[in-house]
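Each of the next two complexes has chain A plus one more chain, namely chain B in the first and chain C in the second.
Then we have the complex of A and B:
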């Protein structure tokens, strides 16, 4: 099996959200549904010391996240019908629309906020890694659209050379589901277990 | 609070089904402790349709949270690995056993020697179902639910609501008329009080645990604060339920206090369940 993975270069990402909207355009997603989202993680404070000097610990950085096609996906573990499944050839996690009952268990369990129940369609929806584009030898549309080349996609062996496995805030500890996302951290990036930052655009992404 | 509104059908399911199941668990004690004639047994079977109906309404409500309920039969393919599949499978085994038990009783096909063990089997299945309903929410990626206290809450709710509902069934069937039912009433009282204490202990522990939780998206303490009014209202309902249980168990009248207590406990359990869904919190995003 070839396990595919994403790479996110936080030193390049400007938070422009082209990845998110190219995906919405390509997948023809309506209002309220996005398979890739850009989380803005920010924190810190600015203080004036006894000498009157201002010092700041403020930080802010964007993190672009879709499904990470984990090695141990929480969504497939809890799925009661087996609709949420991991492809044996590519390792990509996708929904079997014929089996999915839309119970929302995958949505609740996924720590990356990836699957979502589309009640109109009657099943869960999520990033499938643009499986048809991969089969045709192309990259996922989000990767191709990124103007800063902050996203990459390839085999896990190639992606893990570019960064560490999903270890920056606001992402949870990678040991939970072993996500196939490798990150090159930017200077502001906080570690996963840090409580220094929080998501400051919740209405946009949660 | 948005999660709680989205999961309203599940809040109804997890209120009604375990409460109905709890009634079957407590009713089994009636056949073990009371000397009941055929007329009373038939009446108990007839009024057992009340808890059976509650369970049925609960299961029907659960379908409303599915986007494709017509494909619901597929949940059985996840038995063994999906907590939801395990819950529904155990629930179906219990529900079918309860239906067969009541149907055989209705048809007069349940002999005195077969009734007691069958009632006890249904009682055990009822408690196992309540336990599995709680276990369905234990997931390491949802730290606000990932606790055995959730199962304790569920079994406790089943016992408190079930004890009151069982007394209603027995009172409607006039099972206590001319019969010494003090042992049965004591069993029901004990089950209800144990249930109330279990729910209280579990809730205190659970919401204390919430205060420690944090994610970049939300702090557990803010989730807990939002549901405090629901929990206070549930506590009042629970106290009313236990008080009514005491009056029904040791007073002269059974039906009215047990009925009032059953309604109060049903409302209380629903408020607890609503609060439970409102505190959903992912470990990550």
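Then we have the complex of A and C:
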């Protein structure tokens, strides 16, 4: 089996959200559904000291996240029908629409906020890694669209050479589901267990 | 609208399910136990058998409510593929088994000849299926990635609320059946059991609330999702105590509560429980990025 993985270079990402919108365009997603989302993590404060000098600990950085096609996906673990499944050849996690009952348990359990029940379609929807593009030898559309080349996609062996397994805030500890996402952290990035930053664009990502 | 409120509103049918089904199942268990162990006369047994439909309907309304939130109910049979693996499959399977066994038993009791031994054996199976069903509901949302639900409080809340409401609903069923076995002493035991379970559940909910401040993800703490949880718990305690108090009041004068009084008591109890169940769905939060 070839396990595919994403790489996210936080030193390059500008938070422009082209990845998110190229995906929405390619997958023809409606309002309220996005398979890739850009989380803005910010924190810190600016203070004036006794000498009148301003000092700041402020930071802000974007994190572009889709499904990470985890080694131990929480969504497949809880799915009552087996509709949410991991492909044996590529390791990509996707939904079998003919089996899904649209109960939303995958959405509730995923720590990356990836699957979501599309009420119009009546089943869960999520990033499938652009499986048909991969089969045709292309990259996922979000990777191809990124103007800063902050996203990459390939075999897990190639991606793990580019960064560490998803370990920056606001992502959860990688040990939870072993995500196939490897990150090159930027200077502002906080570790996963840090409470210094918060997601400041919840209305965009939820 | 707050994030937590929006989440709970989306899952309102599950709020209704977890309010009604465990209590309905526990009331069925109690009535089934009465049918197995109490020395019932022929007509009394028939009346109790027929009145079993009261808690059964309550549990069924809960299950039907939960089914309405499915996007594609036509695929529901695939749920059986996950039995033993997925906690949700286990819940659906056990609930289906309980409702089928109890519903078929109720129909079976309309035979002209009463097969008491078969009925007793069947009732024992119904009681067992009811307890297993409550256990499966209690564990249904125990996913290790959901920080606020993967705690010991959650299954205990389901069990205690079933033990608190079940006796009240069973009393209603037995009173509607004019069951002689429901004398003041038996009523006293049921009311006392209900009160103990209510107090234990309120204590469990208070401890759960105290733990929420230490649970957090990228959006903030779990306490931010359900800031009015203490008020919700207080409402549940007041509604539950009032319901149990009203059911117990006539026992002071060696009278039994009327069917109308018990109906109001059950409605009040469910109103209290509904609010804390709503709070439970409000506090949904995964590690990382999900609320």
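Throughout what follows, the second predicted complex is superposed on the first by the 206 of 206 C-alpha atoms of A that agree within 3 Å, B and C clash if a C-alpha of one lies under 4 Å from a C-alpha of the other, contacts with A are read in each partner's own complex, and residues count from 1 in each chain.
Here is the rule we use: contacts are C-beta pairs under 8 Å (C-beta built on N, C-alpha and C of every residue); 3 or more make two chains touch, one makes a residue touch a chain.
These numbers were taken from a predicted model, which means no experiment stands behind them.
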Side-by-side fit of chain B and chain C on chain A, or clash: clash
First, second, both or neither for A:178, with chain B first and chain C second: neither
First, second, both or neither for A:102, with chain B first and chain C second: both
Partner chain(s) touched by A:198 [first = chain B, second = chain C, both, neither]: both
Touched partner set for A:3, first chain B, second chain C, both or neither: neither
Doubly contacted residues of chain A, that is, touched by chain B and again by chain C: 39, 41, 65, 74, 77-83, 98-105, 108-113, 117-119, 121-123, 169-172, 176-177, 195, 197-199, 202, 205-206
Chain B - residues contacting chain A, complex: 6-7, 65-69, 71-72, 74-75, 77-78, 81-85, 88, 139-142, 214-217, 280, 282-285
Parts of chain C lying in touch with chain A, wherever the complex brings them together: 3, 11, 69-73, 75-76, 78-79, 81-82, 85-89, 92, 141, 143-146, 216-220, 284, 286-291
In the complex, chain A residues that touch chain C: 39, 41, 65, 74, 77-83, 98-105, 107-113, 117-119, 121-124, 169-173, 176-177, 195, 197-199, 202, 205-206
Partner chain B, residues of chain A touching it in the complex: 39, 41, 65, 74, 77-83, 98-105, 108-113, 117-119, 121-123, 169-172, 176-177, 195, 197-199, 202, 205-206
